[in-house]
Amino acid sequence: MEFDWQPVWLTLKLAGFTTLTLMFIGTPIAWWLARTSHWLKQPVAAVVALPLVLPPTVLGFYLLLLLGPQGVVGQITQSLGLGTLPFTFAGLVVASVFYSLPFVVQPLQNAFEAMGERMLEVAATLRASPWDRFMTVAVPLARPGFMTAAVLAFAHTIGEFGVVLMIGGNIPGETKVLSVAIYDHVETLEYDQAHLLAGGMLLFSFVILLTLYLINGRLNKGVR
Amino acid sequence: MEFDWQPVWLTLKLAGFTTLTLMFIGTPIAWWLARTSHWLKQPVAAVVALPLVLPPTVLGFYLLLLLGPQGVVGQITQSLGLGTLPFTFAGLVVASVFYSLPFVVQPLQNAFEAMGERMLEVAATLRASPWDRFMTVAVPLARPGFMTAAVLAFAHTIGEFGVVLMIGGNIPGETKVLSVAIYDHVETLEYDQAHLLAGGMLLFSFVILLTLYLINGRLNKGVR
Amino acid sequence: MFACFKTELEAFSLDVNLWLPAKGVTALFGHSGSGKTTLLRCIAGLHQAKGDLKINGECWQSAGFFLPVHKRPLAYVFQEASLFPHLSVRRNLEYGYRRVPEGERQVTFEQAVAWLGLGEMLTRMPDKLSGGERQRVAIARALLTSPRLLLMDEPLSALDHNSKQEIMPYLERLHEVLSIPVLYVTHSPEEVARLADHLVVLDAGRVVASGELSETLASLDLPVKLGENAGVVLKATVSELDDEWHLCCASFPGGELWLPNEGFQLDQPIRLRVLARDVSVALSKHEDQSMLNVLPAVVESVSENDRPGAVMVKLDLNAAEGEALGCTSMLARLTARSVDKLQLVPGKSAWVQVKSVAVLE
Amino acid sequence: MFACFKTELEAFSLDVNLWLPAKGVTALFGHSGSGKTTLLRCIAGLHQAKGDLKINGECWQSAGFFLPVHKRPLAYVFQEASLFPHLSVRRNLEYGYRRVPEGERQVTFEQAVAWLGLGEMLTRMPDKLSGGERQRVAIARALLTSPRLLLMDEPLSALDHNSKQEIMPYLERLHEVLSIPVLYVTHSPEEVARLADHLVVLDAGRVVASGELSETLASLDLPVKLGENAGVVLKATVSELDDEWHLCCASFPGGELWLPNEGFQLDQPIRLRVLARDVSVALSKHEDQSMLNVLPAVVESVSENDRPGAVMVKLDLNAAEGEALGCTSMLARLTARSVDKLQLVPGKSAWVQVKSVAVLE
Amino acid sequence: EQVLVAVAANFTSVMRQLVPPFEQQSGHRVKVSYGSTGKLYAQIQNGAPFELFLAADTLRPQKALREGLAVSDSGFTYAFGRLALWSAKAGLFDQSSGAEYLKQNEYPRLAIANPKTAPYGKAALEFLQQVDVWQDVKTRVVRGDSIAQTFQFVATGNAQLGFVALSQIRGWQGGQGSLWIPAAKEVPSIEQQAVLLHAGADNPAAIAFHAYLKSDQAKGIIKAAGYGVVDK
């Protein structure tokens, strides 16, 4: 049997894009949540965690409604000439981002909060603008938080399944990711293939994670 | 139509038990990971994150193999006279714990690491035994981490679906949780009921989360 | 430099209104909890208080205007360790340095490293330093931003006497090199006397004294109990060198004092400090004793001191020699019994015997 | 108390071997980075170094044995802020207090609060305190564990002079109340002289001097430059009270000194410190001057001091009155010129004029 | 007595109608566990306490019989699923123009169930190949994991049309839409079999329900829901 690499690449691409997007979206949200004392702080924090409590397929269903041609967002994307998102790779990214947001925001918010004000104040007196001190002080000090956020987001997206299945339509090469492929094998009693894929995925993920952790451990000690 | 409360209670019970169990299991693991410099540290950390990368149904499938009458663990539980875990509430808890472990370990590990040594040293010179200083210094200082861990674990268990469906078998009153119930409604095109349940669940979760966050915010400021 | 702030912190309120010289070191003195740190934070812009702030004619803060911290060309040495834990000592030092345009740099990296003796620790991480080492790095880092206002919150309190002695001259020279105002919080009267030109005393968030150092120190009713460190500061000129005995003579309106020659040049202007505890009074001039400095004076006033049995006597130096009435006074801290025995009352002539003199810069 | 440690920290190695008295305050003195904090951490058990440690006959550490930190009945005041940020001041204070069995408590909660003036801040959180306030809480918290060994790492350096003056007497009385050894790291010669009975000097991780305070201070070749603070410590007894002038007279083998009476009783034993910088020498006795204390003495030795032109003269007090040769000496720091002028050579008789005397306890 | 029945997801709503009359008549209680056929089968293999298995195909019940998980000879066909082409938008096509519309190819997305996992998907794929449309639409086909998901794709308008189960359209409360039911001889119907599992071999309730499914009353309900039944 020829091994089908497409789902593997697609999965990595999806997880990569999602993680990246999540970092860009999650960081400002987490930063705002960590620093503000606005009355909206707690409600927003609660809303961010909400996607978690819906079963993925159900979340997928609502996203389908929302992003579909009759949905609010769908109407907007259509009027912008973008078409609708479901059944596209972009749609998968949007859905995954939505679903994994809490895994990114929460650890980052904790890291930013644990940091305190002092180091940022010091940087300010050393002429660093808010953006500068965010990049050169807050981000490095919050590195364990970023690490955790990225690992959780990446791994969760790889393993994600319900939402992807629902919003992606399982189109080979476009939205058929690894998790769906394994699932298919399990459902059709092709256990051998399922074992192979799942085992490979675990091994691969283990190697990735271990490397990541080892580098991180090294960084924590060394001089930079 | 009479509203069926059973899945609601079952879900809360499952999420509660799972979160509690996770705290008891995750805390020592996170503490060990945060403090040790053993060479096994990074491999163990990677293994803890692994369940994440498998699609829930697939994970459920393997747990089923493992815990079932032919599985290694199943053989053991049977020989201990415990029967097999799948299709029981206990089985659901075990599976959920396994699946949500990284969400608990990672934030706790970060919180423990961010804390540093100093405060523990201070407590030691003030006559606090290791256990005492863990409870009176490490735990309170890691509170944001515990908070995040509990929220992620609880919410994730509520929304969890694939694993639960696989290992639980959707048996009313025993393993049919809310997420599965909503899923059933969506699958059978009973969208009204699905909307109702999903909406209720969101609202309920929002209220819970908001309350939690508000209390937490208060605690962060006030004197204890 | 003009600063005026009002702010409330739970149990504490700060309400100050200050005119400070645009040059020289101003010591900020006051009890623990009197608001020194809070005032510095307001000036730095770290604490947003209502108020006005003008430095050298530039407005940093006024009603409706607030220059953000990083745009204020100041440096701040914090009271507690404040090194970036994720950067090596070198990178800590470079942090501010790099953010200052090259043209505005007045201190080179090598200078700062040499002044504070950091050569050996450049590659180390902050958590591998001792308390004093950390503080030295923090000072160097601040200096490397070539600030136009330097705020220092007890920068030397973690240092030993020798390190202090080594660093102080650089701090002293700082405002000559950089010619900037320095606001210096300290608990050490020694540091006040040695470094400061001006003195501001805070108490419970209010300014209770503010003025030129020598005036403030000589004033008998200064509410701060300078205690052991009350004394006067004199502006003098080196008028004679005695190389055999490593001494030099410093003249000032009203007299002259011999002191150890620490490499002074003839005609060099220097500042001297004479502590009241180092001054004794005699009714005649004795030659067969070890004190080199014995000056004629007239008692100007006698006042109760901070503790019973001790008395502070203020004497005017120049009047005895019939010169124009000048301002040079001496403070002597004596026992009440001696004052009584010697009948020291205002107008009485006496000899001031000075046991030791310190040079301030 | 016996301590012997060897440990390596990257660029630094500690190698000490110490016998310390089981009572009284031992000052740990040394440059920044000389290993003072590291030594305290070894003694506390926070840093696991190879070595032996015995306190009052109890073994805390030896080859193959290591008593864990929380089982060592010691208290540690850290060099840097160390309050629990999640607990109010009251809860911080109670933390150690509650963990000590009631029967072993020697200090009450109220006492500690009163001594360190914490009454008003009990309900506040640590981040709402000023630097000095935090340090006072840390000291009180340490005292409340009624330790049998007190380790203090520059506990007073964040405090102003007045707070220091207020707290020091309590620290002084501590080893009377608790009768425990105190190991006290400080950079302040003032604190050394005032608080310490013993002195240990560290340099680059090695002990370079260790001994009784008065001996160590009087030794002319002490490698630590005590500088302005060289002097002698005398054990004396109050022999006369002069209530009119708030004075009292303290006698010791070789003479007597008048000093301010701070509420002493007749026959009370006290310790006096006379700094070399406060002593001048005359060849005859002058009555018409303000110094009360003029004592006959004989020059014992003359030695170069730390800076050119200055000389340290050691004088024996009692010999002049023909008493049994005793041990009471005085140090005088004079200019070389005066020594030459007065011809001060060993064996010469002279009058020691003491400008001020400090009482140590 | 009580019986625990594992039922293929597509049969959920019919099952809900079947249970109350049975419970009334027999006095037994029925508990139902819904899931996809593949998942239910994996669970049965691993010790699930199901007593009766209503699959969405013939493959798995037969496999259960072969592997000795079910009581031999207990397998029978309880329903025939019927495939229909459906769009949520009314007026696109009707029974007469459905085939035409499918071939005209003017829709961006066509939804079918995953042919690998769902029998309805397999049937739809075979039909598309048979009428020579497959090559043209191949790249525009989206696959629902189950027939229910496929229906959701169409119902939400994300796919313009799709092959769904006729029973779903019968049960659908939403708008009319466009419907074409291919003739039974053109498109194979999906044979759904049920077996009695060993866990229920001695349970009167299980045996009774097994029998009830074959009754005319049950057949009537099943038929009304849009399935075919075995006419004797």
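In order of appearance the chains are A, B, C, D and E, and numbering begins at 1 in each one.
Here is the rule we go by: contacts are C-beta pairs under 8 Å (C-beta built on N, C-alpha and C of every residue); 3 or more make two chains touch, one makes a residue touch a chain.
Going by UniProt, the chains are A, B = Molybdenum transport system permease; C, D = Molybdenum ABC transporter ATP-binding protein.
Note that the coordinates shown come from a computational prediction; the quantities given were computed from them, not determined experimentally.
If you take chain B and chain C together, the chains in touch with both are A, D. The greatest centre-to-centre distance from chain C, using averaged C-alpha positions, is reached by E.
Our note on geometry: chain D versus chain E, Cα centroid distance of 92 Å, whole angstroms.
Between the CA-based centres of chain A and chain C the separation comes to 57 Å, rounded to the whole angstrom. Inter-chain spacing, taken between the CA centroids of chain A and chain D, is 61 Å. We define each chain's centre as the mean of its Cα atoms; on that basis chain B and chain E are separated by 35 Å.
In chain A, the positions touching at least two other chains are 57, 61, 180, 183, 186. Within chain D, residues 124 each touch two or more of the remaining chains.
Of all residues in chain E, those that touch two or more other chains are 39, 42, 149, 152. Annotation, chain-chain contacts: A-B, A-C, A-E, B-D, B-E, C-D (touch as defined at the top).
Residue ranges on chain B touching chain E, taken from their complex, read 57, 61, 64-65, 68-71, 74, 84, 86-87, 165-166, 169-173, 176, 184, 186-190, 192.
Considering their complex, residues 44-46, 68-70, 73-76, 78, 82, 84-88, 91, 95-96, 99-100, 123-125, 141-142, 145 of chain C touch chain A. Those residues of chain C whose C-beta lies close enough to touch chain D in the complex are 9-11, 29-33, 36-37, 79-81, 120, 124, 128-133, 136, 153-154, 157-165, 187-189, 225, 227, 229, 242, 244-247, 258, 260-261, 277-278, 280-284, 286, 288-292, 307-310, 332, 334-340, 342, 344, 351, 353, 355-356. If you check the complex, the residues on chain B that touch chain A are 41-43, 45-47, 49-50, 52-59, 61-62, 102-103, 106-107, 109-111, 113-114, 144-145, 148, 151-152, 155-156, 158-162, 179-180, 182-183, 186, 194, 198, 201-202, 205-206, 209-210, 213-214, 217. The touching residues of chain A, counted against chain C in their complex, run 118-119, 121-130, 132-133, 136-137, 140-141, 143, 223-224.
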